[in-house]
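So that you can tell them apart, the chains are marked A, B, C, D and E in the order they are listed, and the count of residues begins at 1 in each.
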Amino acid sequence: MTETTDEPRRGGIGLPLRLDSVTRSFGSLKVLKGVTLDIPRGQFVAIVGRSGGGKTTILRLVAGLDLPTSGSVVIGGEVVCGLQPSVRLLFQDARLLPWQTVIGNVGVARGKDWKETARAALEDVGLAGRENDWPAVLSGGQRQRVALARALVSRPGVLLLDEPFGALDALTRLEMHKLTERLWQENRFTTILITHDVAEAVALADRVLVLREGHIALDIPIDLPRPRREHIDPKSAEIKARILKEV
Amino acid sequence: MRQGFLSRVGTSLAPWALPVLLVVAWEIACNAGIVSQRVLPAPSQVAAAFWAAIWDGTLFEHVGISAQRALQGLMIGGGAGFFLGVLCGVLRPAEVLIDSSLQMLRNVPHLAMIPLVIIWFGIDEEAKVFLVAIGVMFPMYLNTYHGIRTVDKGLIEMAKVYGLGPFALFRRVILPGAMSSVMVGLRYALGIMWLTLIVAETISASSGIGYMTMNAREFLQTDVVVLGILIYALLGKLADVLTRALERRLLSWHPAYQVKGRTA
Amino acid sequence: EDKPDTVRIGFQKSSTLITVLKTQGKLDAALQKIGVSVKWNEFTSGPPMLEALNIGAIDLTADVADTVPIFAQAAGANMIYVAQEAPSPTAQAILIPAASELKSPAELKGKRVALTKGTGGHYLLLATLAKAGLTFKDIQPVYLGQADCRAAFERGSVDAWVTWDPYLSAGEIQAGARVLADGKDVALYQRYYLASTAFATARPDVLAVIFDELHAAGKWVKDNPQAAAELLKPIWGLDTKIIEQANGRRSYDVRLPTTNNLVDQQIIADTFFKEQLLPKAVDVKSAKIWHRGS
Amino acid sequence: MRQGFLSRVGTSLAPWALPVLLVVAWEIACNAGIVSQRVLPAPSQVAAAFWAAIWDGTLFEHVGISAQRALQGLMIGGGAGFFLGVLCGVLRPAEVLIDSSLQMLRNVPHLAMIPLVIIWFGIDEEAKVFLVAIGVMFPMYLNTYHGIRTVDKGLIEMAKVYGLGPFALFRRVILPGAMSSVMVGLRYALGIMWLTLIVAETISASSGIGYMTMNAREFLQTDVVVLGILIYALLGKLADVLTRALERRLLSWHPAYQVKGRTA
Amino acid sequence: MTETTDEPRRGGIGLPLRLDSVTRSFGSLKVLKGVTLDIPRGQFVAIVGRSGGGKTTILRLVAGLDLPTSGSVVIGGEVVCGLQPSVRLLFQDARLLPWQTVIGNVGVARGKDWKETARAALEDVGLAGRENDWPAVLSGGQRQRVALARALVSRPGVLLLDEPFGALDALTRLEMHKLTERLWQENRFTTILITHDVAEAVALADRVLVLREGHIALDIPIDLPRPRREHIDPKSAEIKARILKEV
């Protein structure tokens, strides 16, 4: 919790991840046209790309919710062919259980001490005191933060985040960035973050990928020191410009 | 506050408006001689029969015996229907194998089945309980199956991704998602439960509300027949009240079941 | 050989003598003496009772109209005639509304007649029509249970209603119906007690006790009409006046069945077969008759 | 492709596995003398009765007449149930006023109601159709009501904000949203429709499948009774096939009703 | 379509809108604590604020989907006490009818020539060719664009947009900005845009409001010339900084 080393710690819980010329078509629509990708354990990868470009599709393939039309996804040395117990996915839509309270949603897996863990996570995402509300009364951003809390308490081998901050205002977003970064640094889960905000990608990730027309159009490492502050590092602006050009 | 109280009273009385109106119209029709009292006795006569039956204790005995059969049947049949609904809703092979057979079996009238039931279960309680069980099984099955089938797939995906095992998935996602439909099944089953008894109690019974009614029918005691009908209706109302209470408890999260859900 | 020590008796509320015996507790007492207990099985009407006998769920049925065993026999039921009540022809009749203009059975031509299929009344109607020179095709039969017959009759949906006591007396007294024709000289209307062959073979001694009790009960009802009516009133839910009139028309003379009865039965069977109401011709003589002491 | 074809054939045969198994077991039991043929005729005997009934045309006549009554009743009762379900689902005052009465009425057994039905409708077709109508009304009502009540409130808000009038709102939002539940009601109603006939056809009928069965029961013709039961079962299967086809058409958008929905 | 005047045209279809010390509480939670606001016809207002701050609540009050606990909302001179026929609201969640195809969802109100209008709108939001797909197969950003198309075809008196671009990548977002601005300029509907992106607010609106703790904490006019280009106008950066400080 107090550890803020910049070096990726190799002793974390993350698993390595590989996509091997993965394609995925829906009917005649070729969404992924051969994506090859190697993510070492504990790396924080961000993917940006146009709307409808296949970002969510990639995450679903990694989570084992969907199977590639051809090619394979390999997690920790094993080919994915069904649900992956070591993978957690924050869905683009919050997917809260309407019949569970906020805290019940965060601790949906009911691990040991789930109540304390969930309460702490809710405090982290700024929703202390809303534990016993039904999800239906939450605002859009609050729902997204509950989903974030749920994803973060799970401490998985691979964490997939599908636009987790899309509905948040600038300040809340910054807090959530810090939270995510901190937890990642503590646990070193292999993380894929999908975002439409290039600045966010550059601020958080070790490596940014641009997905365009079914291919990885750009694969760029970000070796800026952490914690990063936007607008301060001139290199950051340069990287952002390069990414934006590729999207 | 005052207003709230009055409107609350109004709301809780309104459901009785129609039945009360009907009874009044009926009494008037009887007294005016529009319907022969021997054919359709006046409410006052039925009330007299009601008092008499309460007084000598037979009514409670009949209702008590029937209730026992009904509840046993409900447990067994409702349980089986729920179980099969879950099975078919969750496992595709089970659905392929079982659903079709159940749809066929469901269509067999109890009256026609009685000879077979007697062969299997004799003419004692088992046979009656079995008929009730068969009767309540199907609405429970159909609605459970439907409820489970239509649970939001997105939520199921979510739960699986978050590592819920089959049991937890069922307990915390599928069951609550299907619950409002299961409740419809239960509502229906609670009705069918009493309805089946009238058939079941033609198998060698000497007590029970179905027996009471059918027996009175044989002897053309129309006041008792109508009394029987009214008791069925009241039991239906009771079942309805119970299910509503249960719905309010189990579905408190559901916007459609919140008491003030519609007024917001 | 295992001999059953329980006798399962099926009865309806309208089974007068059995009801009397059951209410007075006499049969239980008499059978207790030979170590047999009674299991009473009440049915709401005759057909389910016969069904239960056919399937072997009961050992003995209370009295049913003479037509009923014929259908059981057509179905191959394994049963035996144990006792019969002497003819009560006037306990069955064709009723018409008080205001009806019908005067004789011959006028039933083209009319709607309510009846219950397969009952003694059914045969009464066939026989009455035959006597009046009509066939069954000349009327419009309306098959209903007795309760529904009454409802249809009072509503005016039918022109006549074939019934028997106690419905007959209730119809006359409560609904003010008139008798168009009864069974005198037309249909004997004898009622039979039936047992399963297996039971009759195993426990003839039990049948003997039951027979004696039935006989005594029949005598008692005839000798004490008021007491009998009082006894039946709460069970039947009818006025004593109606019950007394109904009981007055029944013979309640319990006798052993004879081969002569089979001849009567054969006439009924043939009549039904001719009207295509039986799926196959029934040879009544193939049925068994219980011989006391054999 | 090949595999696909084989598995398709398998899937369409699998639902028949259980019924066929049952029939085989039954034939064996009969031939081995485990059950007396007088009590439960062997399938072969039933088949013989079936051929005989087809041959002399009576079967088609009975089924035809019954189908006519059934469909009329379905139209009237199903329509009424749907209408009342919509009314109570959409208008809160209607629900308060009507729902409770319907829940009571629903609980009244047809058998007990027959004398009253005769008084109201006489002994002709109307009475039978009425009973069927009453029978199918309630499942349609309950499921329509439930379906409408549980339509996503967010979508209704959206539609209202986009200026849909009451009719368009109903037609394009509420109805499709409730449709899967309405279909469950219809499924149930199609069963009840035939079931009620067995009671309805005790009212002065001389044809119809219910009459055929009950008549055979009174005359202890077990082979015909069992034949009747089988015909009911087949009619149930038919109704099921029809509803499934309808569901596939009306709910093609619904993930739970897509043919390959479960395999994705 | 070709008109790009900077002056708000007074002849548009917009309606004036006023909130009069509006409060709204949910149980003990006071979300709006007295919001007073006057929006002249045809104005483009942006509201920013923290997640859970009550932005969506304001829009629901204006649309008549909810009633204020006290105070009143007045549209075109009439007090809102139920659904407003002249108001259209793009919900924060897309709310597409799952049983209607994409084009059926856009033309949900079935106005005259709805098919052509809807098809044109879909082309505008970059979804030409997806007319006959079910909403269920769309990506998150595609769903949001369908909802946008549906809101924009309706040409209402008051248009309420609740984070309409939240799930879009930077480029698609710019296109949608242009589209929204163009249609607003053509029709001059009174528009309230909720966004968590201050830059977006400054780029599109005539006036930016900051909602904080149930009050309007800042009400700032943006009189930069249109079409605006981010990062070009130095004044824009200054305004952004001011807003961010208030949020």
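Just so we're on the same page, a residue touches a chain if its C-beta (ideal position, glycine included) is under 8 Å from a C-beta of that chain, and two chains touch if they have at least 3 such contacts.
In this text the structure is predicted, and so the values were computed from the model without any measurement.
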Partner chains shared by chain B and chain C (touch criterion as defined above): D
Most remote chain, CA-based centroid, reference being chain E: C
Chain separated most widely from chain A, comparing mean CA positions: C
Between chain B and chain D, centroid-to-centroid distance (C-alpha), Å: 18
Where chain C and chain E are represented by their mean Cα positions, the distance between them in whole Å: 85
Distance from the mean Cα position of chain E to that of chain A, given in whole angstrom: 29
Chain centre separation in whole Å, for chain E relative to chain D (CA means): 50
Junction residues of chain D - those touching two or more other chains: 39, 115-116, 119, 217, 222, 254-255
Chain A, residues touching no fewer than two other chains: 93
Residues of chain C whose C-beta touches two or more other chains: 51, 55, 145, 147, 150-151, 154-155
Chain pairs in mutual contact under the definition given at the outset: A-B, A-E, B-C, B-D, C-D, D-E
Chain C - residues contacting chain B, complex: 10, 12-14, 40-45, 48, 51-52, 55, 57-58, 145-147, 150-151, 154-155, 166-167, 170, 174-175, 236-238
Sites on chain B touched by chain C in the complex: 36, 38-39, 114-115, 118-119, 122-123, 201-206, 211, 214-221, 224
Complex interface listing, chain D residues touching chain B: 11, 14-19, 35, 39-40, 92-93, 96-101, 103-113, 115-116, 119, 138-139, 142-143, 146, 149-150, 153, 180-181, 184, 187-188, 191, 194-195, 198-199, 210, 213-214, 217, 222, 225-226, 228-229, 232-237, 239-240, 254-256, 262
Chain D - residues contacting chain E, complex: 154-155, 157-164, 168, 172-173, 176-177, 179, 251, 253-255
Chain A residues touching chain E - in the complex, by the definition given at the top: 26, 48-53, 55-56, 92-93, 126, 137-142, 144-145, 162-163, 166-173, 196-198, 244, 247
